[in-house]
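Got a structure for you, written out below as structure tokens; questions coming shortly.
Here the chain labels run A, B, C and D in written order, and each chain numbers its own residues starting at 1.
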Amino acid sequence: MKHNLLRRTVAEFIGTLFLLAAVVGSGIMGERLAAGNVALALLANTIATGTALIAIILAFGPISGAHLNPAVTLADAWTGGIPWRETPVYIAAQLAGGIAGVTLAHLMFGLSAVSASTHPRNGFAQLLSEFIATFGLLAVILGCARSRPSVVPVAVGAYITAAYWFTASTSFANPAVTIARSMTNTFAGIQPSDIAGFVAAQLAGALAATLLFQWLVPPPKPERTPSSLTHPL
Amino acid sequence: MKHNLLRRTVAEFIGTLFLLAAVVGSGIMGERLAAGNVALALLANTIATGTALIAIILAFGPISGAHLNPAVTLADAWTGGIPWRETPVYIAAQLAGGIAGVTLAHLMFGLSAVSASTHPRNGFAQLLSEFIATFGLLAVILGCARSRPSVVPVAVGAYITAAYWFTASTSFANPAVTIARSMTNTFAGIQPSDIAGFVAAQLAGALAATLLFQWLVPPPKPERTPSSLTHPL
Amino acid sequence: MKHNLLRRTVAEFIGTLFLLAAVVGSGIMGERLAAGNVALALLANTIATGTALIAIILAFGPISGAHLNPAVTLADAWTGGIPWRETPVYIAAQLAGGIAGVTLAHLMFGLSAVSASTHPRNGFAQLLSEFIATFGLLAVILGCARSRPSVVPVAVGAYITAAYWFTASTSFANPAVTIARSMTNTFAGIQPSDIAGFVAAQLAGALAATLLFQWLVPPPKPERTPSSLTHPL
Amino acid sequence: MKHNLLRRTVAEFIGTLFLLAAVVGSGIMGERLAAGNVALALLANTIATGTALIAIILAFGPISGAHLNPAVTLADAWTGGIPWRETPVYIAAQLAGGIAGVTLAHLMFGLSAVSASTHPRNGFAQLLSEFIATFGLLAVILGCARSRPSVVPVAVGAYITAAYWFTASTSFANPAVTIARSMTNTFAGIQPSDIAGFVAAQLAGALAATLLFQWLVPPPKPERTPSSLTHPL
């Protein structure tokens, strides 16, 4: 094993911390500066999130695969990437990193460490959006990972940039992100009672994409060692 | 054959579905949030479309070539890529995917499944725009495909990002996209009676670019197997 | 020679045509939609120009080097790239392509074919801006061309995107672009009497960068064949 | 040694000059055109800075490593890159280049050569922001440099694009940039009395990231020659 589990866990923690700091921090900055124009605030939030993803996955991908997302970790285990026994460790690191990232964003912007969101995000349109957002995210990762793993960072950054605008939910597409964003009563927040629906829709979307791509891109050669989904090296 | 026709057809369907969901969905979101500033709405629409194209072509290119566009499929067949007998299957998948994508965008934003557009797009300036938009798109694809196929996703995403702004029609450049966009009475729509002109201009532009590049970039070696235009592997 | 001179000349013509169509067309579109907000219009103009450059250089670079710019062609000849006897042909193609591109943009937006600009751009600050803009452009091309020619398209697109904002002149950095933009009385125009100063500043900037890089990056091996500056293959 | 120290010093000087010209110049242009909308001005400033970084690091990285930042130079020396005895030369070049870049931006926009900033940037939230901004920058560089040095230019450009928005300080993350920006009383300025706190926070962040990555990514093979952090060749 190239990197021991502790190192990879720390990489997932810090990577997810920076992802959430980027999502929440840029939402706060965007809203403060946009003088009430929500399109402009979301544009800033989008550009910051997409470019942060590229940088974070490039930096931490070589260490841990830079899943940053329990849905990605589960899909990776399902398709023969990381061992199942490691998935709880990865997911715990992502959840803890997400919450730490929200707290960090709050402290950088002079807010209290956490604040429960009151932003309602529910109903069929929102849940469908999260199903599609996560389906698409996994499709992009699985579509690139086997043939050209080095493009995964740009593909994911580009996809999320688009999905912020083409889904009605602004594409959370990540259970750790969803839980963390319930702890910020700012631009990027989601009220805690809406977490369950979002996560269920996300996991369903991830499962659907994984099943589809198992059929769509069958493993090319039996002698090939299973490798991490998003591991660019 | 690396991927059987069914798999490739499904890839074209899903890829075009996501393309149209991105185009139409981000148009709806942009218009809703931009508080009447059309430049801001189009900027959001542009960024979402360009980045969606990069992600979709990276993900589905290795499977089907990610044509997502009947004009590209016809040019690919013309230049010795996919066999002519497969072109109707590809085109049908693109048309069906496009319509499904519009419907999906509508459902994600709480609208009825389809709605006929009332957005007029016609006249010489619009048709010239579509001729040029599609000529340029094929020039970019054909210019990159032989020498550096791995850059096609970024080249196409970059080109369409630019063409949204430098053509008066916002660069549909794709018959499947045109037909699908007639079914949405939102920001991205085109009234059904204007489809024929757009498609004719697009096919003329694609043909002109294909003829030009057959002269401009002659096949380097006779023993080389013809390969798919945009297939990055 | 991989591509005969006629083919390369046509590539320079069409490449420069698309570059000017992108610069002028997106300026018109940006100004029409931005409701008087010049920052928003310039942002649209910037994004369209930067992404157009990436697409055009990727597509035409393998054929002609995609100079699109007399200053680049002269620097390439100076540093042992294309033969001096071909430079007038390249430059003529760039000038003709630029004018054709302006005309095309006008026709796509329903304007008359050409119109003399009344936009004054002169004085020390403007000329210094053009000197620096072109110095930087050549520095980027020369800095990348020897060690990693495949990154030239992205480097040039990124550089011009930045230079639109950090120079007071919005970075024409190209004599063919300057002459062509005198023929459009729209957002991107420059009045004909200011052409001479801009071109002189651009050529001085290009010469300074070329001399600097000849010292900064000496040719690594004497046996290496001189090759085109921006030729990514 | 591929490039002698004088050449590398000049590369650091010119690279940092262009970086500061981009940061300060685009701030002036953004503020002038944005009609009071700070989000729009910062968006222009962000896009110009991120793309300038990509272009500058691509162009000067092959010569000097394109550190452009004393914190990067110190981390590079610490991890066995450039020799310690060269660090004062690099840092002096960066400081001089930064000041020259501010002056150049002022002259391009018709302002006096320098002007002391009156923009206060201090307090816990600002200092925490700079610690995090620089920690993240070094994490991105160190995370990419060993495994895929060719992606460093894009990773750094993407990271800074994001960090402009997710830190409350707009992510200076660079002592040379901080000192230079004290000399411009425009959008990007920082009052001189706040320099010390920013620089201290930046160096602490850089040190923390360097220590973390020494543990996180241990050197793979003892026989490998230490090489420059960001040297893409």
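Rule of thumb we're sticking to: contacts are C-beta pairs under 8 Å (C-beta built on N, C-alpha and C of every residue); 3 or more make two chains touch, one makes a residue touch a chain.
Everything numeric here is computed off the predicted structure, so don't read it as measured data.
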item: Labels of chains that are neighbours to subunit B and to subunit C; value: none
item: Turning angle required so that subunit C lies on subunit D, C-alpha fit (0 to 180°, nearest 5); value: 90
item: Relative to subunit C, chain with the most remote C-alpha centre; value: A
item: Self-contact between copies subunit A and subunit B, residue sets same or different by half; value: different
item: Centre-of-Cα separation between subunit B and subunit A, whole angstrom; value: 28
item: Separation of subunit A from subunit C, taking each centre as the mean of its C-alpha atoms, in whole Å; value: 39
item: Of all residues in subunit A, the ones touching two or more other chains; value: 37, 40, 43, 47, 154, 157
item: Chains touching one another, given as label pairs in label order; value: A-B, A-D, B-C, C-D
item: Touching residues on subunit D, where the partner in the complex is subunit C; value: 7, 10-11, 14, 18, 21-26, 29-30, 33-35, 37, 40-41, 43-45, 47-49, 51-52, 54-56, 58-60, 62-63, 104-105, 107-110, 150, 153-154, 157, 232-233
item: Subunit A partner contacts - residues on subunit D that touch it in the complex; value: 36-40, 42-43, 46-47, 50, 123-125, 128-129, 132, 136, 139-140, 142-144, 146-148, 151, 154-159, 161-168, 212, 215-217
